[in-house]
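Presented sequentially are two complexes of chain A, the first with chain B as partner and the second with chain C.
Up next is the complex of A and B:
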């Protein structure tokens, strides 16, 4: 109980005091996870839509694989990206290991299956409803994809949020490919892991509270925007 | 008349059948539908009316027989597609404003971007929806949504308009508005092929009747003699409101 109250006051003090070091950590976390979610959405939304609409051999297996990938262990993804980016790896020449770019890459791999799998479900459900009408209008395939993604925008926002939650909360992947270098690749989750191992539990807990508050704020904002828009558009 | 010269009609169904897992739902339908007139497809639930519309429109492919347009003229499939429109029982409108729903279709028809808004507004105005142009289509009433679906079909300037029970979930006033819209299409030279359960509506609108029973085309007749005294026992029973089994 003592730890918790100390943590709360520490978190409060850090949030109020705008400690530059903490701010830097928060900013990096948001940039890395936000960048990963952006990339994953750009790739995952069309991919999910194509999986929902296209018919080809092996599609079922691909859907199962994609759904299974929603639960990829972050450390394993981190390890795979680490091997790709390490000196001897195929992308070693880029020199990206232990940089924020590497962290974005790893988190994109984590988030992509979530966005794509949920987008596939949303688009498949919409196609049930829209399919006959769009075929009656003779809508070309790519336009169908764009139309369904746009009409599913409110549900897809939830899919993207789920991705953001996953990215912001994971520690394994960013720890391995980022290296938790102070001021360069230290995110909120790696900082929490570090402070915990150093025994500074109140600081670790305080960072955790800020992280949860941040994710909650993002979700609340998107929820409100979505609610308003949904009510307006029916 | 909009398309006197280069219409895709007539529509020929030649021994068209449709079966699902060996169960025949439509059996050997052969009929020629000429342009201009209003054809009502009638019959009890499950007779295959909606199926016949979908096969004719090309939403479904017959499992036997052929659907041909234009009396054997080699029409490009793209043109055949673009000269048809369909209005469904429950309109499917996009999650955008009423006018944007029309602009969407104009975009599909390759209408120049700067003409879309004016044309869309004209179509809305024709169906009494001009005031609702900026309203999200999905929050319109059922009757308004169906009129929007008709306005959307209007800009296609179709040679043939299919309507599948377009008024079955509408109140009398909205039904009347839809029937007036069908008049407008007819007056503009569009062939009407429509299913309805409403006998009064069929009497008001039909030039010609196709009567289906259990997946078979039992009767093809001009409207007046059909309603006076149909040739088939099934149609007589149907008009008398009996159960046809």
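Up next is the complex of A and C:
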């Protein structure tokens, strides 16, 4: 109980005092996870939509594989990206290991299946509803994709938020490919892991509280935007 | 995949612009040096002298050596003399130098159920095994873990294969191992640096210290540029020279926690 109250007051002090070190860590977390979610959305939404609409052999297996990839273990993804970016690896010459870019790559791999799989489900459901209509109107395939994605935008936003939650909360992948370098690749989650290692449990918990507050704020902002948009549309 | 890479690279321009302008090296080192706070005291001084930023990836010594083998670090600061010599002999590293030393201590619950207080480390471990008191081991192939396993081996106790219930192999860093030891009331071997800065001690106290067998020397190694041409050898050499030179050595001596000196520079 004592630990929790210390953590709360520490978190509060850090947030109010705008501790520059903590601010830097928060900024990096948002940049990395935000960047990964952006990339994953740009690739995953069209991918999910296409998978919902296209008919080809092996599609069922692909859907199962994509859904299974929602549960990719972050440590394994981190390890794979590490081997890819290591100087002894195929992309070693890019010198991306232990940089924020490497962390964005790893998290994109983690988030992409979530966004794509959920988008596929949303679009598939909409197609069931409007498919007949769209087909009778002779709407071209690409327009159908765009129309259905737009129509399902609120559900898709939730899919993207699920992806953001995954990215912001994971520690295994960013720890391996980022290296938890102070001031360069230290994010909220790796900082929490580090402080736990040092036995500074109240500080670790305080950082955790800030992380939860941050994720809540992002979700609240998206919720408000959604509400406003829905109201305006009538 | 290729598109993904392009976008990632593009994004990195935004994220990494500040990085690109600075000279930096990547140093693979151990959790014991990082978590004691030594680097936050050394690195700003080195940067002031040289303009080079040192980015520390803190892992166990075993993993640090493997990062070096793959060319993912420019220099190493580790503590496993036998492993270090092997690393250099195999051609992965060059110019290994002594940097500093500290010592390991055996910590355990204040009540000391195996009655090891003040003994040598060999005798203490023998009694822990005889009393079957819980002992938490790093189990992560770190320098500390390797040293601990050598003690068991020297006294002829096979902790690895006979899976004794009192011997808990955690596969964790020094801090998490101490957290677990504190929660379980177990014994553990730790470096003095991590212990001094460790905050969650609960009932744990130092029980064995000062034994010669607990000597813990750290070495600095440069990665062989002939094997990995991409590494920043020149900058790494500057760091290597600074660390083992008078400025680095006096900075190490000046680092204290609560008035206690944690690392002792190598006198030459």
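Throughout what follows, the second predicted complex is superposed on the first by the 229 of 234 C-alpha atoms of A that agree within 3 Å, B and C clash if a C-alpha of one lies under 4 Å from a C-alpha of the other, contacts with A are read in each partner's own complex, and residues count from 1 in each chain.
As a convention for this text, a residue touches a chain if its C-beta (ideal position, glycine included) is under 8 Å from a C-beta of that chain, and two chains touch if they have at least 3 such contacts.
Worth saying up front: this structure is predicted, and the values here are computed from it rather than measured.
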Requested in this report: For A:59, select first, second, both or neither according to whether it touches chain B, chain C, the two together, or no partner.
Outcome: neither
**Report entry** chain C versus chain B, contacts on chain A by residue
**Finding:** C
Query raised in the report: For A:35, is the partner it touches chain B (first), chain C (second), both, or none of the two (neither)?
Result: second
**Report entry** Partner chain in contact with A:179 - chain B first, chain C second, else both or neither
**Finding:** second
Query raised in the report: Between chain B (first) and chain C (second), which does A:143 come into contact with in this model arrangement: first, second, both, or neither?
Result: first
Query raised in the report: Thinking of the overlay built on chain A, is A:93 touched by chain B (first), by chain C (second), by both, or by neither?
Result: second
Query raised in the report: What does chain C use to touch chain A in their complex?
Result: 3-5, 7-9, 11-12, 15-16, 19, 26, 31, 35, 39-40, 55-58, 69-72, 173-176, 178-179, 182, 197-201, 228, 230-231
Query raised in the report: Quick one: in the complex, what on chain B touches chain A?
Result: 54, 57, 59, 78, 81-82, 84-86, 88, 91-92, 94-96, 104-105, 108, 136-139
**Report entry** In the complex, chain A residues that touch chain B
**Finding:** 129-130, 132-133, 135-140, 143, 147, 150-151, 153, 232-234
Query - Complex contact set, residues of chain A against chain C - result: 31-32, 35, 39, 42-43, 86-89, 91-101, 104-105, 108, 179-182, 184, 194, 196-201
